[in-house]
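First chain A sits with chain B, and in the next complex the same chain sits with chain C.
The block that comes next holds the complex of A and B.
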């Protein structure tokens, strides 16, 4: 009898402590849940509704009078032959050429810097690490202002090029595409009279010639800025991964007579593979969102060649007061980023399995 | 230095030339390595030299010698004009206020939630944690219109609360704190609980003091993130008296004052925006490094 009493007593005590922990747990997370719910989840749902309407910013978008247009704002971006589709496709083209250059460039640069800074015998490691990382922590707006000056017509880059006898372009007003310039330099096409094969056909309202322009000269300034500011962060990730490689592995490969290059290729890089794919994923996701630099440096110009989906979404909503279309653009961008993340994860898992098979056998010479 | 015999053995089989590191390589190669590193460091740092130098130049000097690191003559006109002609004093004040409130709020709220997710067994904990991880993946730029909508609907658009409240908690910070609390041994808390301390008491006076390194990391990255925050201010306020420094600076460059070149003025404003983060970075560098790497793990 006494035993049962003790047992029920203990159970009830446990129950009260469990329920107390239950209440405490929810009280502890309540502020964060409220803020993320109110300013993240709820707004996304609200914007999803707005993307299905023609709300113009007057009054509440949830009144009965707001015209419901269904998927019209979305079809406008892909199907209807008008200015909003053209702008959207131009922004996709610009950002695609931006991503294709920035992601590999920043990854290779970050990896190179990390390998250079990681050397144990290097003097002044701390200084170099700081120097490479510093641009990553400063304000994107301040950096953009600085780059406006550096690339201005009488700026540092122009002066630097002049030292080598090169006449720099007028960076921010030059809308010529790099690929176009390359094609004409090779004598394959004339920028002023593009081949009719390419101007005749096209997709989504842009001719093949327009799709193939590559980043404009103006976009190149933003590309340089992006590579310069993000490499430091990714370098730190590579450095952390390099420090995790067991010294024994390196020593073993040295004893086996592997050369520096062989060690890099068959020992270090396979060990860095997960970080490499992480850096690529994060890079892809971040570059598709480029906004601050465009807002400060170019506002989408010249000739729309620095228009990006994020900036276009902002401009469509807050300058043209077409909130429905602006929200639709941001949801398409959202979907694109989710797909990219999923795709990269899938590739990463696949590659890792192959890497694991090769990893235990660094001896190749 | 390892024994010479040890290093010679592999060197002989691999054919000479490749040693164990820089010290075994020809001095020329080591020198070239340093030269490349020094050149890279110059590429990464010289733009900041240009920024500071040109902020102290006169307008004709900045236009004629943009590359020169030495202002000739030294002029503080840029800084004077930025304080007299623009909203700079106000922007600085707003930035300071917003950064302090948001940083304090984030550190407190994120640790509360991080602790609960790491230690307290409450119903729905796992689901909530998955939700927070999912929220971290939501790209910031798709939130422009959503945030504006909710601020507008709540009637707080264009106010201090609009600048502060939506960003006063962040999922990444919760994640960092949770990871840290999980690394602290449970025994200490259990002792406190047996002594009769309540949940909050245990958290506040036992666990939190042990979490100092994580708290400093979170403080630093919150400070940096909030001080530099730009897009949120774009959709939260439009009244120039509510501008923070990045917003004011962006306005200065693209607005009416941006019409002329006036680079010394703009660059002095950019210098002012850079200094606080640069100082914090210099003092707490290792915490930045930790923050960057913790941020990486979440991906």
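The block that comes next holds the complex of A and C.
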């Protein structure tokens, strides 16, 4: 009897101490949870509500009398044949070509830079690391303004091209798509008179020809800027991962007679895979959200070829007072990013069985 | 090992708590949105948000407001906005707008249609004295909403030196489209770019007015963009562009017409009276004269740009705000503004004084008689931005296609 009482007492004491720990834990995280809830979760829910209404920006969107329109703002972006759908689809097209170029380019460049400054034989490594990282710590607005000068019609890039006898384009007013220009150069299609096969049909209000334009010349300047500024940060991530690879591993592969290229391909890169995943995910998210460069450099022009969903959302809400549609755009963008990140996770999932086969087999001499 | 369910439940509880607390804050929102608010008596502290063109304007408005405050016993705080449209948007959404603010004529309909503006226009003494075209620009459904603070019009600016270099005299300044074409050909033969014109509807639209067309009907209810008159106008401008008689500023490596003109890259440009300030600051050595725009098939035409003193429907000091605007729009006060930062008074009674003091600006002020105001309809901003994108490619797009697109988008926006 006494024994049981002691045992239950001990158990309940253990239970109370555990729950007390629990309470203490929640008390410690409470400020963060409250702040996140108040400044992150709640605004998101409020924006979600706005995206379901036809609120015109007068007074609170939560009072009675604000017209509730359900999913109308969302269907308008995909179904209704009008200017807002056209703008949205153009912004998706622009950003897609932007992402497809920027993400691989910045990843490869960052990896290359990291491998270069990781080498022990390189003199002045500290200097190069700082130099490559520098664009990342500079304000993106300042860099955008700088690029406006560099790519202006009398700017450094145009002058440099002129030295080689190339007449550079008028960077910020050239709305021709790169893919269109490429097709033109190959003689497959004419920019001024596109083939009727492509202009005839289309999807979501844009003809196939418009979908296939590729980034415009103006967008290319923003692409160069993005690659240049972000590669420093990603280089730092790769560098940290490189320094984490045990030297013994590399030495072992050298003893096994692996060449330099084999070492990179079969030892270094597989060890970098988690970082590669991180870099690609961060790159994907950041590029789909591109806003500040567009706001500073081009405001969506020329001919809407630098319009991006994030900028369009801002413009729709704050210039056209169509807050519902603007919020809807940002939620579609959010879903798109989540879907793409999930897809990327699935593509890059661990496939160890395959990895085993590709491991180098030591040759016996 | 703790139970995962407990985590979720606790998190949910905390989140819900956070939501409740903030929802309580949220009840502070003003529920009477859209309705006008009661008047409060006594001396008021007016908040005035202006979209200033520069330090000169800010200083002039501050000084005028100080005089009014001293005489009336109120106070007025003048704040120059960084981005007027965005700041006003946020202020209206927060139910706490400034009492008085600048409203650009091109945005007027957006504000008026959602009930953000107090329709006080005819309570200003001598409200019939404002130019009729400016009254139209700030009227909706026949109600005159707000008093125009000043205005600008477009005119033809001619570079005297390049004019002489092309062997032309003052008598050659074009007065019709035909003469503009022939003069431009002469200038081009001399190796000079004849005309630089901005690639937006705010410049090329003047040609549409001269041809007798416009984008919306006078009451702002119907789209009339695909008219034959507009096609005539765009075909004419397209011809100038194709023959190299006119160029867009970007093609001359300039941000706007005035910059290209000031750098001597073109002999003529179509700009408003704001070009005076820019020329004085950036190109003081360039000699130029101002002339009326050449007349089109339907006679003379130009565009007017104007801003009014908007009073918030939610202001609690409307009486004081109207008294403030009254003081700001008096003819003598407007002349003081004209001297300080080069605008034109919006009152007809000030015209004589103005032309006496600034005889060179007579063509600008005369434009008020035949000027067309900006598109006076809500939700047109993105439609007009789309039209501007089309105009940038005017040389390669058929004007009819362009206008058909504008017509469709305008109809969608107006619900026509």
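Quick note on the criterion: the second predicted complex is superposed on the first by the 318 of 365 C-alpha atoms of A that agree within 3 Å, B and C clash if a C-alpha of one lies under 4 Å from a C-alpha of the other, contacts with A are read in each partner's own complex, and residues count from 1 in each chain.
Just so we're on the same page, contacts are C-beta pairs under 8 Å (C-beta built on N, C-alpha and C of every residue); 3 or more make two chains touch, one makes a residue touch a chain.
Note that the structure is predicted; figures quoted are calculated from it, not measured.
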item	value
First, second, both or neither for A:256, with chain B first and chain C second	first
Contacts of A:38 with chain B and chain C, given as first, second, both or neither	both
Chain B versus chain C as contact partner of A:315, first or second or both or neither	second
First, second, both or neither for A:326, with chain B first and chain C second	first
Which of chain B and chain C A:192 touches, first, second, both or neither	second
Which partner reaches more residues of chain A (counting touched residues only), chain B or chain C	B
Touched partner set for A:67, first chain B, second chain C, both or neither	neither
Partner chain in contact with A:104 - chain B first, chain C second, else both or neither	neither
First (chain B), second (chain C), both or neither touched by A:200	neither
Contacts on chain A seen with chain B and repeated with chain C across the two complexes	18, 22, 26, 33, 38, 41-42, 60-62, 152, 154, 317-318, 323
Residue ranges of chain A touching chain B (in the complex, touch as defined)	18, 20-26, 28-29, 31-33, 35-36, 38-44, 46-47, 50, 60-62, 113, 116-117, 119-122, 127-128, 130-150, 152, 154-156, 158-160, 228, 232-233, 236-237, 240, 254-260, 275, 278, 281-282, 285, 288-289, 291-292, 295-296, 299, 310, 313-314, 317-318, 323, 326-327, 330-331, 333-334, 337-338, 341, 365
Complex interface listing, chain B residues touching chain A	9-10, 13-14, 18, 20-23, 33, 36-37, 40-41, 43-45, 47-48, 50-51, 54, 62-67, 109-110, 112-113, 115-117, 120-123, 125, 128, 132, 135, 137-150, 153, 165-169, 171, 174, 199-200, 203, 224, 227-228, 230-231, 234-235, 245-247, 249-250, 253-254, 261, 263, 266-267, 269-271, 273-274, 277-278, 281, 285, 288-289, 292-293, 296, 299
Residues of chain A touching chain C in the complex	18, 22, 26, 30, 33-34, 37-38, 41-42, 45, 56-65, 82-84, 87, 152-154, 170, 172-173, 175, 192, 300-304, 315-323
Chain A-facing residues of chain C, complex	2, 6, 10-11, 14-15, 17-19, 21-22, 26, 29-34, 85-86, 89, 92-93, 95, 110, 114-116, 250-251, 253, 379, 381-383, 385-386, 389, 392-393, 396, 409, 412-413
